[in-house]
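Some structures are shown below for you to check.
Paired with chain B in one complex and with chain C in the other, chain A is shared by the two complexes that follow.
Then we have the complex of A and B:
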């Protein structure tokens, strides 16, 4: 963990500065106490010189040495203030979170009210009551920072306390105190640690401010704030006197902030155990690249009713050592009115294929390949034209309608914004279209629904609104990514019927992404089976049900729940797991799980080869009747396979 | 078989006043010793609430709960270490139910040391035995949850529940968050564990196929109530309640053809359940399509359900004209159905 911490630059810098500060805290008062406090009025008010780098103050004391000597006092006070504040805050905050509902909301409101006051005002108020001096200032700052600790820890404790693993702990009979200490606090600790370190930084600033105002440290003691006061009085004649302590305050605050951030990042085991994966092998990647070209060329014909033509679609994300290819040479065509299913396990690239086509791959992913929509190469379009085309010809329906609708906007705004923007449709006519579309998706009282917010609708209604939103633009192609997975089966059949009706009326094409083979087989004529970012089989539903050729397709089919199979029979599953993209096995990515794998599968990636019955399969064993498969290199010349 | 767990007329309420929600309304269940009761129904029907009520994560408003014939209705009796050790629960989402900061070994050892009071040396041996039991390698001991796939995490969650040597385990949608490719293996494991350890199960899922595979008897729930309760084969061969039939007709099947939509409309707001039969607003054989059947709006079929065939809570469940499947075919579809294209 510590090594990982040291790998982050902010951690290194922060820790180095704090280390330096600690050395100064220990050493400076021992070495320079005398020159920093000895009065020598004759040498007072001097500017920077070789002897006094920051000059001297009115009483002739070296300012640099005073700044260094004051480090101990300033930071110790800040640590005490932050420590007391954290303890007070975490105690009140987590206690508040554990209170019964009503008492809890009162306590939380009280904390909120206290937070509304600027911290420095609270510190000044309390400091004044206790009386000027280091003690009063420290307690004042401690109380001022405790409110933010209380707020953060109550919110965190409430959310962490609601997690399933805490519920599981309760069901197991683990005692509440143990649950808090072992299961709740560690999961909120990173946020508390970063808050604490940042607060140490702000406590330095706050305490200095109090001293600056004359409420904090009193002469003859001195901290940076007090030195700042003295420096500001002579700022026109002797600017260095103020700059010294000011820079010290700033550096300290930043150092603690950086360290806190790095600490928070590295306390989480999820983050520091992830970096151990091996980088993908270059040779395997090169083999894949060659095979991809072969696959892309095997779908060469372009007929006029092709709505979508995808060639060699690749998505790469930058990895630790080299980039990680999460979508690898996906090529397919979609005809007008066709319902195409994409199936595969999670992480197979189903959703990413749709996102890549729509240029929606999240940063820092990089997309390459050719996408033709209605015959138009969208890569060749200007950015503006491409956005207009994707914005109107394509529509998306996602799994969770609640998170894909904006909770703050009325349904009206969400439905009409895209045609008003892309098609410059007027408000009234956009509203008319919206009412019509809501009617099309069987929403009762469309007028009233337009004025509603998403949370006022049921899950099925929201998904229908999402579909209506997609249909506002009369898209030629709808991507539905697990559109019914969050819905119940009775609502699922309504949504599927709805999608089919638009296909019948407008000839809309559909790419239906689902993990549910039965649902796909009922609704789609053709199916792409994906595995580890590649298409492994492209076949008709009839072929899928009769005799799939790829062993992965067969395995998926057998794993699909069957309500008519004898109940005593053991269920089938696919042994092993989907490979990690950062450590892809050489050869066919499925070979570690494949019952049919032969030697060749372990070394060489099978290309997606087209067969005489029109299906495409990427499997050495399934395609062995085709004879030796030949590789095609990038420049188009043929090279024999090894 | 003697009843391991018995719920009688259990009601669970969330909140109070106008916003009160009766999530479970007078539900009775009998879990036989060594057997499995399946609970199936759509989201919001109250099936998970029953699970949480049994393990005292939510309070019960009325009704009785007995374990091996001994009354445990009082929530304090279900919060004892003794009850906790006998009744366990496995949650839906293995990504949320494992503490990300603790290794699988640390998680198991905590339970073994603090709840089973084993000595340090024994803890490790027992943890390894548990991992082996659920099909995880010994190397899992020192690894964190995020280093596992969903299916492996769910195995770890099962090992955690088994660590206290329970008699009854409640599984709440344990395969819903998993890929189809691993669901089968988890369900096989649960069946194997049941016969090896003689466990009693409550198996909760919205998925008919998995409930069918796991359960000896099935209770179908709708809006907080059990509408049909019968032996699994009987339920799937001859569903009697119109809601059960609609559920089965909605289920997509491999190689199936699109059929008319069996149920129109959404689930009603559970805060304001419909009068009489709660299903009457959507029922394909109810007053919506047969206006003379006003009894469905006026009288609650729940009261006369016990003792009926399949304990079906329906005034017309055994009426001859509603033979299975028929009502589905005769129902008007909400949207025009297009023909299949693009072949």
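Then we have the complex of A and C:
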């Protein structure tokens, strides 16, 4: 973790500055205490010179030396404030979290309220009671910052893990304080370190604000805040006097802030998107393997009724040193009116294939390969034509309608905006189409539904709205990603019948993406089986049900206990796991889980070879009857399988 | 003190507020929500008043001596004690304090003898003006800037620009308001001589204080809007809009903006608190006679009843504004109701 931290430039800078501050804190008061406090009124108010780099103050003291000497006092006060604040906050926050339900609710609300209370008022309040000075200011700031700590520790202590520990501890009869020390604190320690780091920086600023109001450090003691205040008082005549302390305060606050942020980023990378795409290198072997598949996968000639022709589709995510291929040489064709199923476990690349075709792969993913839609190479079109074509010909029914529908917009807007923009349909007739489509997907009261927001609908309703949205523009090709998972059996078959009718009337093609082999085989004539970003078998439904050739397809089939059952559970019964793209095994990616694996499977990637019955299989064992399948060379000159 | 913002804002969990004790059994979720908010407002006000009551009582030593001065005669001390109600038992004093509050009686200043409520009434206008104009400026600047920065740097694009934005905002966010104020006064009032350096008359005298108050919260809010923009643009529904090939204008303004705004509104209350805190400090820089200067004069002059009154009034304002923001949010974003219930 620490090495990762050192790779964050802002963290390194922050930490370096903090290190420097620590050195100054220790050294400066020893070396320069005397010159920093020696009064020499005659030399007062001088500007910067060789002897006094930042000039002198009213009493002739060197401002630079005073800034350096004041480092210790300033930072010690900030440390004390942050420390006391953290202690108080953690105590109140964790105690609140451990209270019985009703009391806890009141306590948490009180913490929330205090959090939204101007900190300076709290500090002034405390300062008034204790009296102006370093003590009052420090305790004031400590109490003001303690509410952040209280909030964080209560939230963390109550978060899933914490609550389980606490509940378990309660059952075991552990006393609250012991519970706090033994079970809650270790779980929130890293977050507390981050927060404390940030708070030290802000405490420096806050203490200086109190000094400005006359409530902070009082002369003859001096910290940066008090120096800055003195400088500000004479700023119209000696503007340089404020520069030193101001810069010191800003640098310190920023250094602690940057360090805290860098710590947070490294301790909890999920929350920080920047580091999400860091991935290890792809080996030369993997690259070669990719080239092999790419060449072997390419399918020849395009007939006129081909709606979608995908060749050598590759998606790569750049990593730190090299990139990770998450979609690897996918090639297939889809004829007009064809229903094609894509199956595979999660992470197999089935959804990504659809996104890559529509150029919706999230940044920084890079897509290569050729996609022809209605015979048009969409990569060759101008940006405007491409957008128009993708916007009218393709439609999506995304997985998870709750997150795929915009929570802030009415159903009406979300259904009609596409045809209103792309087809210039008027509001009235767009609304009519929308009502019709909602009726098609069996939504009662379509008119009223148009006025609703997604959160007002049930899960099944949202899913049907999503499907209606996909059908709004009579697309040439519809990608449906798990379109019916949240629906009951009756609605499910209604929806499938509806898709069939669009198919019969307008010749709409469908790419049906699902992990549910039963559903796919019921509705699609042809199935692509994907594994680890590649097509491993391309076969008709009859072939699938009769005798799949790839051992992975066989495993999938066996994982659906009853192929005729309308809904099966998630495929969990295939032993082993989908390999991590960053650590792909050599050879066939399925071999670690494959019962039939032979020596060759461990070293050499099987190409997707076309067989005489039209199906394509990527498996050394399955293709043994084809005779020796030769590896294709990198330049693409293909040694086809026979 | 507004940097307290930094921490508290980021520590807010993504789900927003947490559920209360009162359940939604009261029919409409909105009614339940409003009741719960009202209840918590009352609880908080109750606590606030009691805490402010403690101010004078917690001061070490005899408050009467502090109030009347060390050279006060015993006769004066008796008067002061009586006036403060310190000759009564604590419960009686608290009751007396509450009774006074209901009549708008916050006691009288020991310096000027003027009723505290009258002082606050006279001076709150200038403070309100400053806080309101700063709030408007903060929103006008930070929402577009944060959104543009967020859109440009989404999913790790334009890393360098992202570094510049977060660097600049964290530096600006670390500059205390009084320093910004003094610097602005130096440049625009003293060197350029285009705006008044102090006072509270005319819009010209409002410009520099507004800038001084607004700068730090603006930097903080830009960071938040930027992160929210990143979050919203990574949402599935934005991918849905992109899959429809809608133009950028519709994707950003119709699909992203409302969601960014509701997320930003969630922290609106804390933002307002930061602005009130900043205004208290900046009034002192520009010698604007308002609640901030009154408060600080009260502290340095040991005019405790004035301090007590001003803190109470500012605190109540912040708490009430927070509640209003919550209710507004529930109207703008009905999901916050279902989150809550």
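Here is the rule we use: the second predicted complex is superposed on the first by the 471 of 642 C-alpha atoms of A that agree within 3 Å, B and C clash if a C-alpha of one lies under 4 Å from a C-alpha of the other, contacts with A are read in each partner's own complex, and residues count from 1 in each chain.
FYI, contacts are C-beta pairs under 8 Å (C-beta built on N, C-alpha and C of every residue); 3 or more make two chains touch, one makes a residue touch a chain.
Keep in mind the model is a prediction, meaning the values are calculated, not measured.
*Asks:* Go through the superposed model and pick first if A:583 touches only chain B, second if only chain C, both, or neither.
*Replies:* A:583: touches no partner chain.
*Asks:* Pick one for A:388: touches chain B only (first), chain C only (second), both, or neither.
*Replies:* It touches chain C, and chain B stays clear.
*Asks:* For A:599, select first, second, both or neither according to whether it touches chain B, chain C, the two together, or no partner.
*Replies:* neither
*Asks:* Please indicate which partner A:547 is in contact with in the superposed arrangement: first for chain B, second for chain C, both, or neither.
*Replies:* In the superposition, A:547 touches no partner, neither chain B nor chain C.
*Asks:* Touch test for A:496: chain B only (first), chain C only (second), both, or neither?
*Replies:* Only chain B is touched by A:496; chain C is not.
*Asks:* Please work out whether A:458 is in contact with chain B alone, chain C alone, both, or neither, and reply first, second, both or neither.
*Replies:* first
*Asks:* Touching A:488, do we find chain B (first), chain C (second), both, or neither?
*Replies:* first
*Asks:* Using the touch definition from the top, say if A:20 reaches chain B (first), chain C (second), both or neither.
*Replies:* Touch partners of A:20: none, neither chain B nor chain C.
*Asks:* Looking at A:242, would you say it contacts chain B, chain C, both, or neither? Reply first, second, both or neither.
*Replies:* second
*Asks:* Touching chain B in one complex and chain C in the other: list those residues of chain A.
*Replies:* Correct list for chain A: 273-274.
*Asks:* For chain A, which residues are in contact with chain B within the complex?
*Replies:* On the chain A side, the touching residues are 163-165, 167-168, 170-175, 178, 182-183, 186-187, 268-270, 273-274, 335-340, 345-346, 442, 458-461, 488-494, 496-498, 500-505, 507, 509, 515-519, 521-523, 525-526, 540, 545, 555-557, 559-564, 567, 570-575, 577-578.
*Asks:* Which of the residues in chain A come into contact with chain C in the complex?
*Replies:* 10, 101-102, 105-106, 108-110, 112-113, 115-121, 123-125, 127-130, 132, 144-145, 147-148, 151-152, 155, 195, 198-199, 201-202, 205-206, 208-209, 212-215, 228, 232, 235-236, 239, 242, 246, 249-250, 253-254, 257-258, 261, 273-274, 276-277, 358, 360, 362-364, 387-388, 390-391, 394-396, 398, 400, 403-409, 413-414, 417-418, 421-422, 453, 455-456
*Asks:* Considering only the defined contacts, which chain C positions touch chain A in the complex?
*Replies:* 1-4, 6-8, 11-13, 17-21, 40, 43-44, 47, 55, 58-60, 154-157, 159, 163, 166-167, 170-171, 173-179, 182, 186, 190, 230, 234-237, 239-247, 250, 254-255, 258-259, 262, 269-270, 273-274, 276-277, 280-281, 284, 295-296, 299-300, 304, 307, 311, 314-315, 318-319, 322, 333-335, 338
*Asks:* So in the complex, the part of chain B that touches chain A is made up of which residues?
*Replies:* Those in contact with chain A are residues 42-43, 52, 55-57, 80-81, 84-85, 87-89, 91-93, 96-102, 110-111, 114-115, 144, 146-147, 149-152, 157, 160-161, 163-164, 179-188, 206-210, 212-213, 232-233, 236, 246-248, 250-259, 261-264, 266-267, 282, 333-343.
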